[in-house]
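Read the structure below first, then the notes.
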Amino acid sequence: MRAPRAWRVAVLLTGTLLLPAGRAAADPSTFVYADAGEPSTIDPAKANVNFELTITRNVYDRLVDFDPSDPAHLLPALALLWTQDGDAWTFKLRQGVKFHDGQAFTSTDVKATLDRLLRIGQGQSYLVDDIASVTVIDPATIRITTRAPNVFLAGNLSRIEMSSADDINRHAQDADKGDAWFGEHANGTGPYSFVSWTRGSQIELRRNAGWWGAFPKGAFDRVIDRFVNDGATRARGLEGGEFDLANFVPRDDALRLGHSSGFHVIEGNNLWAWPAIYLNMHLAPTNNADFRDALVRAFDYGAMSQYFQTGNVIPRGPVPSWFPGSPEQQEPPITTDLAAAKDALAKSGEGGASMKCVIPSGFPEFSFAATVLQSSAARLGIKVSIEEAPFVQAITAIKQDHSNCFVLGNANLSPTDATKFFAAHYLKDGFYNSGRYDDPALDALVHRIPTIADQKERDGMLKAAFETVVQSHYIIWAARPTTVVPEPDRIAGYRIDPAEYINARFWEIHAAQ
Amino acid sequence: MTAFIARRLAWGVLLLLLVATLTFFLSRVVPADPAAFLAGQNTSAATVARIRAEYGLDRPLPVQFATYLGGLVRLDFGESLRTHRPVADDLVQFLPASLELLIVSFMIYVIASFWLAVAAARRPGGAVDTAIRLLTMLATGIPVFWLGMALQFVFFYRLHWLPLAGRFPLRDTPPPVHTGFLLADSLIAGSLDDVWKSLRCLAMPALTIVLNLLAVGTRLSRAALIAEFDRPYVRTARGKGLGPRAILYRHVLRNALSPVLTVTTMQFGYMLSWVILVEVIFGWPGIGLYAYQSFEVFDYAPVIALAIVSTAGFVLINLIMDLIYPLIDPRVRGLAT
Amino acid sequence: MSGTASSVTAHTTRLSSTGWPGRVLLIVAWIIAAALAVFALMPHLVAPYDPIFLDVVDRLRAPGLSHPFGTDEGGRDILSRVIYGTRYSLGVAVAIVIVAALIGILYGAAAGMSSRRTDDLLMRIVDLFFGIPALVLALALAAAIGRGLDTVVLSLAVVWWPGYARLVRGEVLRLRERPHVEAARALGVGTWSLLFRHILPFVVQPVNVRITTDIGYALIAVTALSFLGLGAESPTPEWGLLIRDSRPYFGSAWWYLVFPGVMVMVTATVCSIIGDGLAGSEASSRGA
């Protein structure tokens, strides 16, 4: 008989296929990070998305660093000393630092980097867009002049990666001025050097033994940054041991995994609001302040807390209490108050109105917040329809008045400066100011904060700005959960960056002893 | 014969043109602004405008279309906004992964479905036949994406037998790239170990495709075989005293080949269409995943390119089948000229 | 598309010929179909809870007495969501197939009744549409006119109608030569009334069989598109979207993934079984 024989062969083949591969599993010195996606660019002047910063952050260094457990405390990095004198900042640079290609790092690299960043105007450039000029004093000294005095400049430079003047000059004559080269190559001074980029799969980094900083014992020699777009797959791979750490693990999985055997939980504050619901100030019915007030008061904050399970607080405004100088603790809490919401709705004269929300797709928390808004508004007799769209389409919809609301997660990349956050979210022409909130007085106030040398006075101004935004009812701050990262017990050293969603400082991560 | 091929090719080109036009114009009426995506978040309006001009996105649609068609002739599919690379380069990069998956699955499928169909058709109405018919009928109801996830659950999550996703084990270095086909590259590198690793990664996505195709394919091939069994010549052969095996292998199979081939061709087109799903679920870095991820961020060029490439694949397969038919079935020969 | 493929089976694979297991299966299938019809038309009578309203205290509860299929991340009852989902998933699948069938019948009949040359050209155009990759077209359409179930209907109908055009044209060509049609033509009956009075009524049955089977395939296609995020939008309880939404909770709530998936499978299989049964009775009524 032929058939049974064929069966046997087939069974045998599949059977052997299922056996684990013969060779011993992992090289102990390789660290696999499941990242949330494939970078569009690894150009430090353009990188903007969390999973692009994974590469730039580890391959390049910054002039200053900060202490993740106390962000107001700045630490030396490529610069050892810095001083402010009015609108001029002077940085003394570290000596003997080398790029991965062997070139020495000097002040001309800083100038070339900042000039290029400001010319391109993308990436993190908004953090330093008030720089007027950069002057080389000597190879180890650089002076940066701002348009107006800016106390936050050094802190904001902790987000600006330094590339080599050599690379920049070499590609200055290219038609694209080196955009393509920097987009897929990387030559920094950082703890890890760029090895290869397998399109669609992964980027490989190698530990830079000549780095100026100190690695912990058990630091990994090789890092694989694997692109895994689906959050559930990241969670499952982490659980199954395929990955050593993962970016953005869905919260339920993160909590479950973190408390399962072989894992522990790293939890910390870094989110300013997650999610925040932006209301369109120019499209009826959300252009009515009382109507917005009604939505803010009707919103079921308890549902969001339930959703996030642990470590969630209800924000009282735009700046979290743990941020240096935040006035939040002195502000009244925002709570669900249906009676007050009904009063506000009656005052607005918009009873029975309906509104549409186009929200960014891909974040379960966002669509959940929109659903909570929908069911909360239904209690007021207001109908909310929800549509999901990719980020760019969703934010365009509200900016062009095709949508009444927008949902966003808020974090602030600057460790010390709240004004850049305000500029992006609440000031005229701010990129995330999707509902186009417009208050010239607030604009003037926020722009003045960095020029004030006295910290007390600055804190008072921040408080005034905080209250202006709250009283406009422009935003529904739905929740502020802590960030939960499940770390396998075989790994140690991961720390949550208070000024980013989720970071990966590979130079701090090591095998558990 | 030449005229026939020329006519077929002309229709193929027309089809490609139709698909290119359709997808191009559909994808350009999008409300969202690709320049805004390119600029990234938190950039000024001036930067967005500069980028729009750099990429020619500010030119009128017909001009953009003409430029696009002009490029197509030179196999230039434009530039991907997401990867900042020519789409043609990306396709060359990702196509082998898709082809490897498709070819391997298809080979397994053809063998398995033929074998099952023969087993069923040998005794229509028998126990084997009934079992196969009921199973395939139930299996047609399983969605591909569900099946893929279920396999992941069982073989990775529960049993830890097979890797979760991807083409090659994460921590290992794949063989040097010559062809882009990992199996071939592993062989060139002379590493059976690498062949093995590639096969293990290939197992789940291929199984998903094969099971999905088998459900429909076996039913159809079986039907074609049984239809042949009903023909008068089989009765004649039986009358001559030929045994069932001789009838099957000497007569029925030869005659049933062309309807089975038709079914198989159709299945191949079907598979091209849904390979995106399998690639998305298994993180398989092929053109389907590439186009889908680009689509997610409003990067049109790869989506159009995928449409054109898979249509071209479909045309090509059909053309090859048209050429094969006359060889295996003399009855068609007259029609083809 | 697999749609064409099913017509090959219609004449040869008959469930009714598998004896009593087949007949039992057929009866069960009809009962499930009736239940699905009730779900789609009157979900509020059957579903124990509201499918949209949140009850976060009860989030991600495992199946139990009060929630037989468990709850989702918003504490919504999955049984209720799945029941309400019938209207969206199955409804859209039916819409696609009916739109495709209507276009296909008109087109196929026109081709079948016209001259050889026109027929040839018309069928060449049909061949063109066969080559369009469905999923990619859906991607492009979703990019252009936005995501949503209407986009799904449009893109799937575009790739589905050629199958009907081919089927109907074939039937029309066959019926044209039938004695009663020949007789009517000899009596001077015009082309259109010939078509509507003497030909199309006989096309209805094979088309019916095809529609029933295709609904299952269309359902799978619809849920696949929703799964990829091209179709229904949250919080619509569409089955494919439920499966998509369930992915982040895969490790913690298996029921969230399983039950919507089971609904898709059961419904698609029921369509396939009933289609098969209809094919059987059609063939016997033809005396084939």
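A, B and C label the chains in the order they appear, each numbered from 1.
Just so it is clear, a contact is a pair of C-beta atoms (placed from the backbone, for glycine too) under 8 Å apart; a residue touches a chain by one contact, two chains touch by 3 or more.
Keep in mind the model is a prediction, meaning the values are calculated, not measured.
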| item | value |
| --- | --- |
| Chain ID, smallest distance between chain and overall C-alpha centroids | B |
| Centroid comparison with chain A (C-alpha atoms), farthest chain | C |
| CA centroid of chain A to CA centroid of chain C, Å | 44 |
| Centre-of-Cα separation between chain C and chain B, whole angstrom | 23 |
| Rounded Å distance between chain A and chain B, as computed from the means of their C-alpha atoms | 38 |
| Set of chain C residues in contact with two or more other chains | 146, 229, 247, 250-251 |
| Per-residue multi-chain contacts in chain A, two or more chains | 230, 236, 239, 362, 389 |
| Chain B: positions in contact with at least two other chains | 30-31, 157, 280, 296, 298 |
| Chain C-facing residues of chain B, complex | 11, 14-15, 18-19, 22-23, 26-31, 125, 130, 133-134, 137-138, 140-146, 149, 153, 157, 216, 219-220, 222-224, 226-227, 259, 263, 266-267, 269-270, 272-274, 276-277, 280, 291-292, 295-296, 298, 300, 303-304, 306-307, 310-311, 314-315, 318 |
| Partner chain A, residues of chain B touching it in the complex | 30-34, 36-37, 39-47, 81-85, 90, 93-94, 97, 115, 119, 152, 155-157, 159-171, 174, 193, 196-197, 199-200, 203, 280, 283, 285-286, 289-290, 293, 296-298 |
| Footprint of chain B on chain A - complex, ascending | 3, 6, 17-23, 25-27, 30, 32, 37-38, 40-41, 46, 48-49, 120-123, 126, 179-180, 183-184, 198-202, 224, 226-230, 233, 236-237, 239-240, 242-243, 362, 389-390, 392-393, 396-397, 400, 402, 424, 429, 431-432 |
| Of chain A, residues touching chain C in the complex | 230-232, 235-236, 239, 250, 252-253, 256-257, 300, 302-303, 306-307, 361-362, 364, 367-368, 370-372, 374-375, 378, 386-389 |
| Footprint of chain B on chain C - complex, ascending | 1-2, 4-6, 8-9, 11-13, 15, 17-19, 21, 25, 124, 127-128, 130-137, 139-146, 216-217, 220, 223-224, 227-229, 240, 243, 247, 250-251, 257, 261, 264-273, 276 |
